[in-house]
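What follows is a short report on a single structure.
Each chain carries a letter (A, B and C) given by its place in the written order, and its residues are counted from 1.
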Amino acid sequence: MSEKGCCDSVGECFFDYHTSKILVIRSKKVGTLNRFTQALVIAYVIGYVCVLKKGYQDTDTVLSSVSTKVKGIALTNTSELGERIWDVADYIIPPQEDGSFFVLTNMIITPNQTQSKCAENPTPASICTSHRDCKRGFNDARGDGVRTGRCVDYNDTVKSCEVLSWCPLEKIVEPPNPPLLADAENFTVLIKNSIRYPKFNFNKRNILPNVNSSYLTQCVFSRKTDPDCPIFRLKDIVEEANEDFQTMAVHGGVMGVQILWDCDLDMPQSWCVPRYTFRRLDNKDPENNVAPGYNFRFAKYYKDSDGTETRTLIKGYGIRFDVLVFGQAGKFNIIPTLLNIGAGLALLGLVNVICDWIVLTFMTRKQHYKEQKYTYVDDYGLLSNEET
Amino acid sequence: MSEKGCCDSVGECFFDYHTSKILVIRSKKVGTLNRFTQALVIAYVIGYVCVLKKGYQDTDTVLSSVSTKVKGIALTNTSELGERIWDVADYIIPPQEDGSFFVLTNMIITPNQTQSKCAENPTPASICTSHRDCKRGFNDARGDGVRTGRCVDYNDTVKSCEVLSWCPLEKIVEPPNPPLLADAENFTVLIKNSIRYPKFNFNKRNILPNVNSSYLTQCVFSRKTDPDCPIFRLKDIVEEANEDFQTMAVHGGVMGVQILWDCDLDMPQSWCVPRYTFRRLDNKDPENNVAPGYNFRFAKYYKDSDGTETRTLIKGYGIRFDVLVFGQAGKFNIIPTLLNIGAGLALLGLVNVICDWIVLTFMTRKQHYKEQKYTYVDDYGLLSNEET
Amino acid sequence: MSEKGCCDSVGECFFDYHTSKILVIRSKKVGTLNRFTQALVIAYVIGYVCVLKKGYQDTDTVLSSVSTKVKGIALTNTSELGERIWDVADYIIPPQEDGSFFVLTNMIITPNQTQSKCAENPTPASICTSHRDCKRGFNDARGDGVRTGRCVDYNDTVKSCEVLSWCPLEKIVEPPNPPLLADAENFTVLIKNSIRYPKFNFNKRNILPNVNSSYLTQCVFSRKTDPDCPIFRLKDIVEEANEDFQTMAVHGGVMGVQILWDCDLDMPQSWCVPRYTFRRLDNKDPENNVAPGYNFRFAKYYKDSDGTETRTLIKGYGIRFDVLVFGQAGKFNIIPTLLNIGAGLALLGLVNVICDWIVLTFMTRKQHYKEQKYTYVDDYGLLSNEET
């Protein structure tokens, strides 16, 4: 036996083409099983991974900018303020934000506060009988001010510690029910959303090209009749999230306006449209919740003619609408495509392993197949099932 | 034939090494084709996937925090207000935000409003001839107030419905052109951006280590001469986005300051620098746009000596600058590396399938190769193309 | 030799099962090496990729909404303002934001400013000797106002250019040390965070189900004793980031409150909990920093009885807390699972290539193995190492 092994000369090696020697088993049973499992794998790779889950695409996440504009007027009539209307400058606080807007729906107003001393609101922690009960300088994060060290009359029947604070103090009461700005449910908000997928250099806005300005001046979003109108009635937003506006408006809350931009950029650009859903974000459940609803305190500052600073403290309850923009774009890319095809080919290899095992374990002629398939050598020479 | 098949003893099976029997075809044509397609696959896996697209890296998205500080003074001279300067506390509304800042460039001021009754601005919906045309309590989201039910003189020639509102009402006029705060184009903004890639525990700031405080007190960003200076002139930002500042300042708009942090963390950290681009985010096109530009209403509240609340309503037009930080970091990770190598190996298997097909279909000696490569058995025994 | 090649009849071809002919080398050395490297690959695929790195899961990024509520009162005593308390409405600016809150800790107050003319603060750029040194209309972005063209007395010893501005000008001084609102370190903030993983339709809040409202009224976050309490003391937040609150409060700064939601949704939902970390985001280093710390200017506007507008300018220093929510959810998905299994199988193929090379290069019986493994043909017939 002369040797003409590989690598006697590199040049010869280079042009050698190695191909496996194949044993072809002609058996309807084995063949059917084999083709069936191959078809499963191919159907999975092509049908599921590629067509359904778009495994051939590269993805990018959305970069978004939102601006909002609320319109509407509310009328209130209270003993303190009389008949009064509230417009955008009064109830949107702060006047502009990026991607979020707060609408005041209810409030507790404490007007004409000045820096002075007065009796704390009586609570188990602040009720006293003598000056010794009130430590001077004591300042509890949950209190109303800094204690002066004196115990004074809160009213005819009760005495409480005196504090330095903005007096008169805000009363500890529940907010009005029904809410003061009940008319807020009819306010409308125009949401303008501009998105970009940087990887694919793709921009789009939620005011679609087919929507013109005369339509925009009078339309209101409705899932059935006006799904492209970017103007939403606040009541509709809250109702779609299965909440009641008037109930929510008493203590306030946080609503999510979710804008989903899932786009297949291999398809026409006009198929890439936003999908709006609405969801309540804060927790209604009173049990594991402190400060249910949504409120915050703000003040308007004034100066008397004599230069004394006074303020009107407003504990404002309302609904904050967070515009949450999310989504993913996909576009064909060679790398994920070949990655999935490669993995699919490797799985086809697994099909062979399974079929081999079945053939060599369960078929009646398995011994014969083994003799054809395997050639044994060990360190000392060929072994006995080689044919001579 | 004695059988010394596998699994007579598990111990023996375990140390069996299975290797395919190979048919080596020495043919320059086939060899060249084989090596060529293998080289293609390897060049794709190493060159394209690994080197170019960095398929060996794991990725993470950026976590960012932005703070901004605007500087500048504008001078205006109007008949209502006289000569007046506007500084940061006057034109940045609200005074601080996270990641965004609004610069007032133009406005319509309605001073000395009080809660009272006055005639609505005359529009087709509000013009009337008698009280019957005005329904008491009517409150349209697009109107000016709540109707009292009376039809009153708007001026000498026209009558309109009376409303309870903040009177005098804001006039329906176009904002001034040229814009009031035309000087705003020379304002500068310092943008401080701190980013983090949590997965790789990597932090960086956009004020780079080579930038010292004396440079920062006088530099202005310029792509050619000062690309590392984080202080931007508003006019430059707008011009890079192919817009004209003075035109945009009349009705306002939304500008995006995009900071891209694409970092390869296998490279030195100093290579990871931010790249600034600027883009107009709102839609200039008047056709499918309602409320073009960017404006919002806010008010300053005052109290008369007799305690009556008055306010100055300002419809402020301006440019909101959204700082959008995005990007992706990559760092070597064994999993995507082996994933891509594995997929590449499977594709090399595909090369064999293609070459086999070519060899056994088109080569002149294909019959000979087939006889060497394939051994046929069926359920009844070896078949005829076995050599004896 | 009759030919019974494939594709004589498609029906026959279809049921052919192709399996490689195998050479089984019985050698302890080779077998051990083979099994060892196979075990490595399998351990890598199953142990590292699947179990440790959860390669069988699909991932989604978090969609988040945050609301915050600060509580606390600070006492100050200055010559200008006297003894005064500051509550939430005074020190949170703006009163509400989405995902971020600013706490005033220090300030420079310039009260009773009106639009008038006064001498600029003396700097190398503004000091003058005669009117010719001051150009009328000159307006530097870093200056105090618009120059009138006159050189006037700043005080007895120095003359500077006169400007039209809000006068009296803010003095160029360092902010007070210790900070005015030093009590701010004891303020507490309740952070409510609602997250969603849209791909898996999974919602959760950071106020966990086991936390009830009576616990919430008195708890404070502590890593050891109260890790589920969403109420944080500002001092604790700053200290965990290795900073000193009082030092930071002088010039202000930016703190990041990072909430990490890494959830394995194949596990019980109760295992998905937020993890809080705190980090200083701004740059303390004075060298490559302009405007160290965090401050901004805002004003309160008043009207005199004669209608003149006055304002109080406040240069507010404070700590802005950015709540940064990030994280990733994973859930079992067939595609990444089969992708990783496929890549693993392809790597097992690589094991064979390596073992082949070792066997045919280093083993003593390599020549014998080669003769068994390889059958050579070229374009002219079988070659010499075929056994006859």
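Simple rule for what comes next: a residue touches a chain if its C-beta (ideal position, glycine included) is under 8 Å from a C-beta of that chain, and two chains touch if they have at least 3 such contacts.
Note that the coordinates shown come from a computational prediction; the quantities given were computed from them, not determined experimentally.
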Q) Given that chain A is a copy of chain C, what angle of rotation, in degrees and a multiple of 5, matches their CA positions? A) 120
Q: Could you check if the interface between copies chain A and chain B is built from the same residues on both sides, meaning over half shared, or from different ones?
A: different
Q. At what distance in angstrom does the C-alpha mean of chain B lie from that of chain A?
A. 17
Q: Could you tell me which residues belong to chain A and also touch two or more other chains?
A: 6, 20-27, 61, 94, 97, 302, 305, 339, 342-346, 349, 372, 374-376, 383
Q. For the complex, which residues does chain A have touching chain B?
A. 6, 12, 14-27, 61, 63, 65, 67, 69, 71-73, 75, 82-85, 87-90, 92, 94-98, 183, 186-188, 190, 192, 194, 196, 198, 205, 207-213, 216-217, 300, 302, 305, 310, 334-335, 338-339, 341-346, 349, 364-365, 367-372, 374-376, 383-385, 387
(Q) Please output the residues of chain C touching chain B within their complex, sorted ascending. (A) 1-6, 20-28, 30-32, 34-35, 44, 48-49, 53, 55, 61, 93-94, 97, 99-100, 102, 115, 137, 139, 141-146, 164-166, 254, 256, 258, 260, 279, 281-283, 286-291, 294, 296-299, 301-303, 305, 311, 313, 316, 320, 322, 324, 326, 339-340, 342-347, 349-350, 352, 355-356, 359, 372-379, 381-383
